[in-house]
Amino acid sequence: MSAPDAPARRPRVGATCWAIGDGWIPPYGTGEDPTLASHESLCLLNAGPDDARVEIRLYFADRPPAGPYVVVVPGERVRHVTLNDLDDPEPVPRGTDYSAVVLASAPVVVQHTRLDSRQAANALFSTIAHPVDTFREELR
Amino acid sequence: MSAPDAPARRPRVGATCWAIGDGWIPPYGTGEDPTLASHESLCLLNAGPDDARVEIRLYFADRPPAGPYVVVVPGERVRHVTLNDLDDPEPVPRGTDYSAVVLASAPVVVQHTRLDSRQAANALFSTIAHPVDTFREELR
Amino acid sequence: MSAPDAPARRPRVGATCWAIGDGWIPPYGTGEDPTLASHESLCLLNAGPDDARVEIRLYFADRPPAGPYVVVVPGERVRHVTLNDLDDPEPVPRGTDYSAVVLASAPVVVQHTRLDSRQAANALFSTIAHPVDTFREELR
Amino acid sequence: MSAPDAPARRPRVGATCWAIGDGWIPPYGTGEDPTLASHESLCLLNAGPDDARVEIRLYFADRPPAGPYVVVVPGERVRHVTLNDLDDPEPVPRGTDYSAVVLASAPVVVQHTRLDSRQAANALFSTIAHPVDTFREELR
């Protein structure tokens, strides 16, 4: 069986700007397993060959945006960014409505996940973020 | 480390019309924490510089649409709209199938979330809404 | 405050072909509330003025497709189709992997939801389906 | 009532490259029903007439990509691939951050689902994957 096409060594997978709307880190959780602590994550895939510098900006209801939070995702690697852990330039407030825009120097894929363990059994959601793929072109 | 491009102060992030299909506010809930009450939300991000006037229209199985419900999202701010709280021009019925169309005067991002706490441990879902990005062009 | 543009009475919201991949109706459930029975739904919004005839085709791992299941969604109305309830031309098997293609005679929006109440507290997922928006054009 | 257009025997439904960001197989689970074991799946629909050879590549935080994992989805059939079960060329590690790129020789639809049964009541998420639909064209 042959591959569906010549080896795809340098695919451009994703977009350079993404956004999510429903950011809200549950303010508490239950359970002893640390991976069951309430949290939100932005899961970043860089399937291309070059490092991607990723800037995350957070937007709120009643104050100016925070950030950028800077993450480098090496080529052909992933970074599942736990928003609870970000603290530069400032921590992400808990129990607070926010949204996020992700800007990358190379195409990435972004998926947004929340684990809410405030009650005895955790709840999960996840969605591919909204790709704002015409971003760069509009700026130039 | 330099930014991936010149500072992006005025990105156009999102679309001016969005839709969701599965609206249904659970008619009851459990738990003392008010943020654990059963609810649905439309989480709106306006990452642009100008205020966005947002109109939400609700569609039902057996009656004409309701609305518009009007929300203003200031530039660089978010509004996580809890559908349970809307009451102008009329409350959103509980335990009733509906869908929604969101029309905005500037690009926004819309994410649709449900928290269902009818049972002892809550359940969550969330999805980026469907961007109807050719809306304006078709109307002109 | 004026509307963001002239009253949009006839927006074309959605697409005429949609698809979902992860169909699987949990074979049992718990709880006395019938809305908490395990189920899957395809939630259809027809925001346009004309009735939409919607055909749902189901695909399986080991047999030819089933359907079409036909649903009419009147203009400016919704139909949240519970897949458990479909029986013409045949019931949808429980505990069986399937996928679905939705073909509509007018633009609709499709959201796919599962409620799994096999355990003491239900679990939920929902996602906007995949819009196959170039479908009609390719066929002509 | 007539069909909305001539019988659509050969629709092109989907894309030939898809990606997901938040791969993470929960390392344990509860419950006696094997379908309630913690797992992740990539649900593949091939609605076209021809077999699709599908290659899944997995990306990690700290090591080179794994794969391709090869799955053949016959025409008009589905394959709900449980990532826990993949073992050629190597098993998928549990409790480990990963992402995936799916490359197909014919258009498919991909939906990504996680069932997490580490606690007494399972949690679920599902999202349509990100369609990288310009992939082929860029390579040629």
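A, B, C and D label the chains in the order they appear, each numbered from 1.
FYI, a contact is a pair of C-beta atoms (placed from the backbone, for glycine too) under 8 Å apart; a residue touches a chain by one contact, two chains touch by 3 or more.
Note that the structure is predicted; figures quoted are calculated from it, not measured.
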TODO: Would you mind reporting the rotation angle for the C-alpha fit of chain B onto chain C, rounded to the nearest 5 degrees?
DONE: 90
Open item on the list: Can you check whether chain A and chain B touch via the same residue numbers (shared by over half) or via different ones?
Closed with: different
TODO: With chain centres defined as mean CA positions, report which chain is farthest from chain B.
DONE: D
Task: Centroid spacing, where centroids are CA-atom means, of chain A and chain D in whole angstrom - done: 20
Open item on the list: Can you compute the centre-to-centre distance for chain B and chain D, using the mean CA position of each chain? Integer Å is fine.
Closed with: 28
TODO: Can you tell me which residues of chain D touch two or more of the remaining chains?
DONE: 119-128
Open item on the list: Per the contact definition, I'd like the list of chain C residues that touch chain B in the complex.
Closed with: 1, 3-6, 8, 11-14, 31, 33, 35-36, 41, 43-47, 76-80, 109-111, 113, 115, 117, 120-128, 131
Open item on the list: Considering only the defined contacts, which chain A positions touch chain B in the complex?
Closed with: 16-17, 19-24, 53, 55, 57, 59-62, 64-65, 70, 95, 97-99, 101, 103-105, 112, 114, 116, 118-130, 132, 134-136, 138-139
